[in-house]
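Following are the structures in question.
The two complexes that follow have chain A in common; it is paired with chain B in the first and with chain C in the second.
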Partner chain A sequence: MSPIFYFLAMLTLGGAVAAMSLRNPVHCALSLVVTFVGLAGVYLGLGAHFLGLSQVLVYVGAVAILLVFVLLLTRGSGKDEFDERPDRWWPALGVGGGLGGVLIAVVLAQPGLALRTAPPELPTVRALGESLMTDFVLPLQVVGVLLTAALIGAAVLALSDRRRTPQDSGPVTSREEGETRR
Partner chain B sequence: MAATLDQLFVQLLHGMTAPLPEAIRPWVALAISLGAILAVFGLCFGITTVCERKAIARMQNRLGPNRVGPYGFLQFAADGIKTLTKEDIVPRTADQVVHFLAPLALLVPVVLTFLVLPFGRNMTAMDLEVGLLFFFAAGASTELAVFMAGWSSRNKYSLLGAMRAIAQMLSYELPFILSTIGVVMITGALSTTKIVEAQAAAPGEWLARWHVFTPWGLAAFLLFLIAAFAESNRSPFDLPEGESEIVAGYFIEYSGFKFALFFMAEYLGMFSSSGMAVTLFLGGWTAPFAFLDWVPSWMWFFGKLGVLIALFIWVRGTTPRLRMDQLMDFAWKFMLPLALIILPTAAIWHYAGRGWLGWLVTAPIVVGAYVLLGRSLVGRRRIRQRSYRYAAT
Partner chain C sequence: MNPIVPHLIVAVLLFAIGMTGALARRNAILTLVGIEIMLNAANLSFVVFWRFGPNPDPQTGLMFALFSIAVAAAEAAVGLALIIVLFRHRRTTSLDAADSMKG
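Right after this comes the complex of A and B.
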């Protein structure tokens, strides 16, 4: 378990570092995929097979594709490298550090973490599905409605480009709006 | 005797791993299974290419390969040697690292999908509880490899081909996955082994309980098969490599063995999708009739697989290529709604039972949905004989 975990941890962190430091945006996106795969491997190593495979299916199969599409189709796609150094790095550092601090605090505050023992038995897919369909059916429906609304919104934004008449100049379509689709 | 033959490979694997210490035994067994899968399906790939060229040549009234070996049957060996010794050309402007990694990123997930296929009784290399999800997760990762190949070549045609391929694979992935959910609902399991076991003939019955023998199962099987054609970029869905428009699609700039890897990944993807279709709908390794149970289980699997591959070749030899808008219309306006209608139909089947009542209720739903969706897809256009403006008749 342990050497595999360290390998996956290195893969995940290495991918994340490369995603932040590489110059070519497509290389960054591909490095991020390495991070996704590493995380999925960590989930699989923990015995959460459903979660790990869903991670691969959704993030590698869909989100990564969307990412590279957005990179290639939005402005600046002709450029191979980002040369602009961000001037205002300190607000970015503040926001990023603050978010990271909150997340770490939340994780550390979890009572289960102190036990350091595995749960008695891992939930099966059947148990996951049953709890989703009974205890958590309302959150599931809310998420479904939210995603449907985002989907319809994206379709409306994409369609308004074609049907625009001279007197009715609808909202300017931007490809970034499509990002909400998933 | 029949039982020995049935479990021949299982016993062989057991004998090979038995002397090893307990801790590494599953890993060694997995490695041996992977090696066997690579060997068997690598050979299948070679033989299929020859058979395909021969069969298509027959359909097109020509001879096909007939120089190497008896009836040209060793052509695949000659092709293999040729690709191995060919120069590997990488364009100067190509993104060297991504260009190198793309064929590997395509082939590895495709090979991984074979791990969850049950080739026979007790013959699943990795019997996961979520085997079906593993298959789809590995299959979904190939799209990124296609993008890597198309983008890194720095060629407009290859990028166009990659965009086409990704649009097609994303669109057809929805019916590909949705058509299998009915099976999961009826079986109540995501494990491929359990899905096959649920389709065996019950004691006393003469006919097996294959899902394809039900109204919703037949419709889902056809949807799954069509989506599998599209996922493996086979004709009539071979727009990503449409020779007449974009030369060869996303692998234009690959030569030598890297091209062979792309070619191999395409065929292996076809095999694994066919294998999954066999597992989900055609009863996997179970016999169709109870009195044929003495035939070894793996023979059933590979026999069914061979029939599906022959179907793939037949369709390739006889259908023209779709247009891009037809491709998208078909996926989103016909296959996706039909796949969604199949889900409640499978639920009704579950409660109505597999007797005449189930047939009476579910068959009209499936047929009605098929007819209505097909009519709406064709729309108001009248289909008549095509008149050619420039060609002489």
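Right after this comes the complex of A and C.
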């Protein structure tokens, strides 16, 4: 294995540990970006170029930004966001460490783990697009429907309470009062 | 050494870290971050088995990971919308406040 892989693995795991252990949620979101970028580098090293690019586009460009937006929108919940009780960490560390130990033991216990000796011919983006349009056209459509439904659902969820609790949103109430006065 | 092993160990450690955080953190957003890390670990193992596995088809594993990224994006959008609704009702994003299904 190349030293680049070990560097990227350290970056990824260090970012993940920081994202899960820092106290300030904004710092956690920024450490998550480090994890995503490190994983994209690992994908590039594995030859999955298009996947590494989409990892950067989707996770760093969309998911992390969305997380930061929601973190800043839900600011001001008092000390709750910094108030991590340490008594939860020990059971969680037990579960996580036990699971990690069992899985590592399973990985190390497979001497004949599936290994292709010759490296595969890496598919070009053109080949990926062609197979998306031929072999994988049904999953592609299903994912399209899923994304549309999920985003419409997210918008409906996030907007739905404007009418029912008008005291929560100042500008809407003043506009509504103005309309009733008229 | 078999090059599949260090990659898989990175995926396993990433999954364990994500699960520990998702169980331990009280902030709902950070629990979602833990779930994202676990999904990324699963994606990494897809790519590793695509690269080193004996499957002759050169694209199936990559496609699996691509679709998994798309589904994870949808999951993040819906989860964050739910967190915003929770914040609007309870004025907090602590998971300990989300103890009833009635608004």
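Assume the second predicted complex is superposed on the first by the 116 of 182 C-alpha atoms of A that agree within 3 Å, B and C clash if a C-alpha of one lies under 4 Å from a C-alpha of the other, contacts with A are read in each partner's own complex, and residues count from 1 in each chain.
What we mean here is this: contacts are C-beta pairs under 8 Å (C-beta built on N, C-alpha and C of every residue); 3 or more make two chains touch, one makes a residue touch a chain.
Since we're looking at a predicted model, the values are computed, not measured.
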Chain B versus chain C as contact partner of A:V56, first or second or both or neither: first
First (chain B), second (chain C), both or neither touched by A:V33: first
Contacts of A:A19 with chain B and chain C, given as first, second, both or neither: second
Partner contacting more residues of chain A (chain B vs chain C): C
Partner chain(s) touched by A:T124 [first = chain B, second = chain C, both, neither]: first
Touched partner set for A:I65, first chain B, second chain C, both or neither: first
Residues on chain A lying within both footprints (that of chain B and that of chain C): 50, 54, 62
Chain A to chain C touching residues, read off their complex: 1, 5-6, 9, 12-13, 16-17, 19-21, 25, 28-29, 32, 35-36, 39, 42-43, 46-48, 50-51, 54-55, 58-59, 62-63, 66-67, 70-71, 73-74, 77-78, 80-81, 83-85, 88-89, 91-93, 95-97, 99-100, 103-104, 107-108, 113-116, 119-123, 127-128, 131-132, 135-136, 139, 143, 146-147, 150-151, 153-155, 157-158, 160-161, 165, 168
Chain C residues within the chain A interface of the complex: 1-10, 12-21, 23-27, 29-30, 32-34, 36-37, 40, 43-44, 47-54, 58-59, 62-63, 65-67, 69-78, 80-85, 87-88, 91-94, 97
Complex contact set, residues of chain B against chain A: 95, 98, 128-130, 133-134, 136-138, 140-141, 143-144, 147-148, 151, 166, 170, 173, 188, 190
Touch list for chain A against partner chain B, complex: 24, 26-27, 30, 33, 49-50, 53-54, 56-57, 60-62, 64-65, 68-69, 72, 124-126
